[in-house]
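Chain nomenclature is as follows: A, B and C, assigned in order of appearance, with residue numbering initiated at 1 for each chain independently.
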Amino acid sequence: MSHGMSARPLPGRTLLLVLYFVFTLAPIYWMVHMSLRTNEAITSTFAWLPESLSFASYARIFTDPAWYDGYINSIAYVALNTVLSVGVALPAAYAFSRYSFLGDRHLFFWLLTNRMTPPAVFLLPFFQLYTAIGLMDTHLAVALAHMVFNVPLAVWILEGFMRGVPREIDETAYIDGYSFPRFFVRIFLPLMKAGVGVTAFFCFMFSWVELLLARTLTSVNAKPIAATMTRTVSAAGMDWGTLAAAGVLTLLPGALVIYFVRHYIAKGFAMGRV
Amino acid sequence: MSIVKPVNQRAWWLVLPVLVSVAFSAVIPLMTVVNYSVQDILGPNQSVFVGMEWYKEVLRDHELHGALVRQLTFSGAVLLIELPLGVALALAMPTSGWRASLTLVVFAMPLLVPWNVVGTIWQIFARGDIGLLGYALTQLGIDYNYSQHPADAWLTVLIMDVWHWTSLVALLAYAGLRAIPHTYYQAAGIDGASRWAVFRYIQLPKLRSVFMIAVLLRFMDSFMIYTEPFVLTGGGPGTATTFLSQYLTQKAVGQFDLGPAAAFSLVYFLIILLACFVLYNFMKEVGTGDVQ
Amino acid sequence: MARIQLVDVAHSYDARAGAAIRSGATPSWALEPVTMSWDDGGAYALLGPSGCGKTTLLNIISGLVRPSRGSVLFDDHAVTALPPEARNIAQVFQFPIVYETMTLFDNLAFPLRNRGWRAAEIRKRVHEIAGILELDADLGRRAHGLSAEIKQRISLGRGLVRPDVAAVLLDEPLTVIDPQVKWLLRRKLKQIHQQLGLSLIYVTHDQTEALTFADRVVVMTHGEIAQIGTPDELFETPAHQFVGHFIGSPGMNFLECEWHAGTARVGGVALESSSTTAPGTHQSLSMGIRPEYVQVRQAHGANCLPARVLSVRDEGIRAMVELEIAGHSIWARLRAGPRLPAIGTAFAHFPVERCALYADGRRVA
């Protein structure tokens, strides 16, 4: 039982949180609401609760083999991208936070500039490039392509958290005889769990919602949910119900991811024994 | 006896993977775009070098100026709302237990919805006749119609963005706060610090790096925003909500003119680059935090 | 200045400890029940290996941890329920904690400003403390980017700046300080102790730090206090085998022995020691002697054991000799000189007053 003062809560925090919860969940509720009604019902009448539960939209999705294949494909390249992006970013972020070297400040800022163009600009060149090296329609292609915007983000966020770890910890570890890889994995990373957790989640999220590149670089084998998400306008008009149902279903993997990294994000640390 | 980062050129090895994975995919398309921007493409294999022609035309374009002003206003409003709100939320979020897990999952949801679905849902959500928000507002007697009143359209697009992206700021700030060791709070307690002093002298400085990322990210992404407002309002009514990205796409796709579109792309990129550069250096100068 | 007392204080980090205590059962203690008092103005060290409970004990005194059981008294006032800021203590942590956006002056002034002091008084006091800590030249500097040693001095200063501070509690404060400048801070602490007369309680796992810094050392192991004494007492008469091992470099030698016909015997050879009473029933019995007191002779004599010299290492002003006695490996530290023993058979002489018996780890009187 600790007397030690942790961050004392803000007055009114519960009210703010509750209001924000309502604000955040209202459109989500509406999306679920829409997924359980027919298109005619959605576009004609208002109802607080669906007048009758119609699972037709979900049925349409589940009976479409392209859908669950797409689901798996999406999860595959997003997971691959997250691992690659974070893996590549960790040593770079360490270098930026601990050392100074030729061109480091310019390089750091240049990384961010890769996020300053809409992915649409990369469309044609990527298409040509991946066709040339035979990676078209693979999960790897999309995972690599998404690294363009995820790696700079990962490096920037991780560097910020690494700067917050006192350099004395590195030095103490070396004096105690740790090799660099061991020190990095056993001492350093645990001290910035929050940074790694939030970075992994953001890489996952940005890759998951990127539809343009994902759709362009794949055709059959690695076709992601992007195809289904954008294929909802038919001759009969916009297929609201299916789109809403698809939207609800795309929430699930991300919700699981953040649930699994919650300990990384939420656990702080007391400067424990080093 | 200041601490300065030791110089170590071998650190380049640590940075190499990042360089390789990002460099070639950024340089090549950029070269392509630069190439297009200085040519008048008349046909599949016919093009004439026109130098700075397109750039001049782009910079003289009045509609572009309009779109730029609208864009700047939008991005400014976005930053002014989302940043303080996100930080306030981060301070309010529970730190452990099932409450923390629930909060994290709920906060993650708006971020996980594909952007076209965001626009689509809000399209219905904000309609006065069949949407939850619109219906509620009209029931309260407010005259609200986002497809006809520019002010309503603006507000709706803005609120939609706040709904979509504030969580990002909140999650970043939350992680930043969690990374502050308990020992700081213990020491501050012994020093008799007030809640405000703890925020000002411990939390805020430690949040600086995270805050800078949040500012740059939100500025960039809001400046490039395309899908959500396009799906929601189509840029309307009229050109009320036509921001820069949409204007660019209209020009490129609608007019099939790659030259001016390429030039526009580069100008667009340079504006963002300049703004971010200024913001970045400004934030580094102000205050200290852990910047070396 | 305050006299600190702990009355039947015990602590368990186990979440179910409270229930166990109420039902009369014994939870797993991180800190075993202890009753002791700390003299006003003393310099104490809490010494022990990692996990022995010394930081828990320190945090109970400072108020960062509320003990599962027992009460803490400052000058006979119960403070168990009070948080640290109400207890007139200052605590310096393993990692220097400074407010990086403030200047040094503001850092030191912070606790006083929070207590509503007037500006003129604050200035006087800050300069006074800064002078003692040799920080006065840098008062205008930003606290960001300074070395760990200076930052620890600032942390210390923030504690000392309050005149009502009774005790300064230090939790391994030299851990992240550069080895070459550790002595600076150590010297500073001693100076402060003499000048201001505050109680200092210093947690460390480094025996050199503890023995050179403190008047009295509290040696702990596995949540228990093994011995409290002056550095001399701990060195000469360790009450526990653990203390004998832990203190000294190398630690005390221990030889297994048996109690037979009124004397202790090592390998059958009778040995007298400073333990004059007979050990009660015991499961293990050892003879303990410090390497500094073992003498190596060529001829048998009183209180001698046959030994074999395994190695002799000349280390300049002294020599470390490794002996084998009755199957045990013993170290002797001899003065260097021309008459060092040679490898081979010899006799180890144990001065009677320098060796003692330990039954089940406890010293026999």
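Heads up, the rule we're going with is that a residue touches a chain if its C-beta (ideal position, glycine included) is under 8 Å from a C-beta of that chain, and two chains touch if they have at least 3 such contacts.
Fair warning: this is a prediction, and the values are worked out from it, not measured in the lab.
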{"item": "Most central chain, Cα average position", "value": "A"}
{"item": "Highest C-beta pair count, chain pair", "value": "A-B"}
{"item": "Whole-Å gap separating chain B and chain C, where each centre is the average of the chain's CA atoms", "value": "56"}
{"item": "Between chain A and chain B, centroid-to-centroid distance (C-alpha), Å", "value": "15"}
{"item": "Gap in Å, rounded to a whole number, between the CA centres of chain C and chain A", "value": "50"}
{"item": "Of all residues in chain C, the ones touching two or more other chains", "value": "64, 83-84, 93, 95"}
{"item": "Contacts with 2+ other chains: residues of chain A", "value": "3-5, 271"}
{"item": "Touching two or more other chains - residue numbers and ranges from chain B", "value": "3, 181, 183, 186, 189, 290, 292"}
{"item": "In the complex, chain A residues that touch chain B", "value": "3-10, 13-14, 16-17, 20-21, 23-31, 33-34, 42-46, 48, 84, 88-89, 91-92, 94-96, 98-102, 104, 107, 109, 111-118, 120-122, 124-126, 129, 144-145, 147-148, 151-153, 155-157, 159-161, 163-164, 167, 192, 194-195, 197-198, 201-202, 205, 208-209, 211, 226, 229-230, 238, 240, 243-244, 246-247, 250-251, 254-255, 258-259, 262, 265-271"}
{"item": "Chain C-facing residues of chain A, complex", "value": "1-5, 166, 168-169, 171-172, 271, 273-274"}
{"item": "Residues of chain B touching chain C in the complex", "value": "1-3, 181, 183-184, 186-187, 189-194, 197, 201-202, 205, 287-290, 292"}
{"item": "Contact footprint of chain A on chain B as seen in their complex", "value": "3-9, 11-12, 14-15, 17-19, 21-22, 25-26, 28-29, 32-33, 88-89, 91-93, 95-96, 100-101, 103-117, 120-122, 124-125, 129-133, 135, 163, 167-168, 171-172, 174-183, 185-186, 188-189, 195, 198, 203, 206, 209-210, 212-213, 216-217, 220, 224, 226, 245, 249, 265, 269, 272-273, 276-277, 280, 290-292"}
{"item": "Residue ranges of chain C in contact with chain A within the complex", "value": "50, 63-66, 68, 83-84, 93-95, 148, 175-176"}
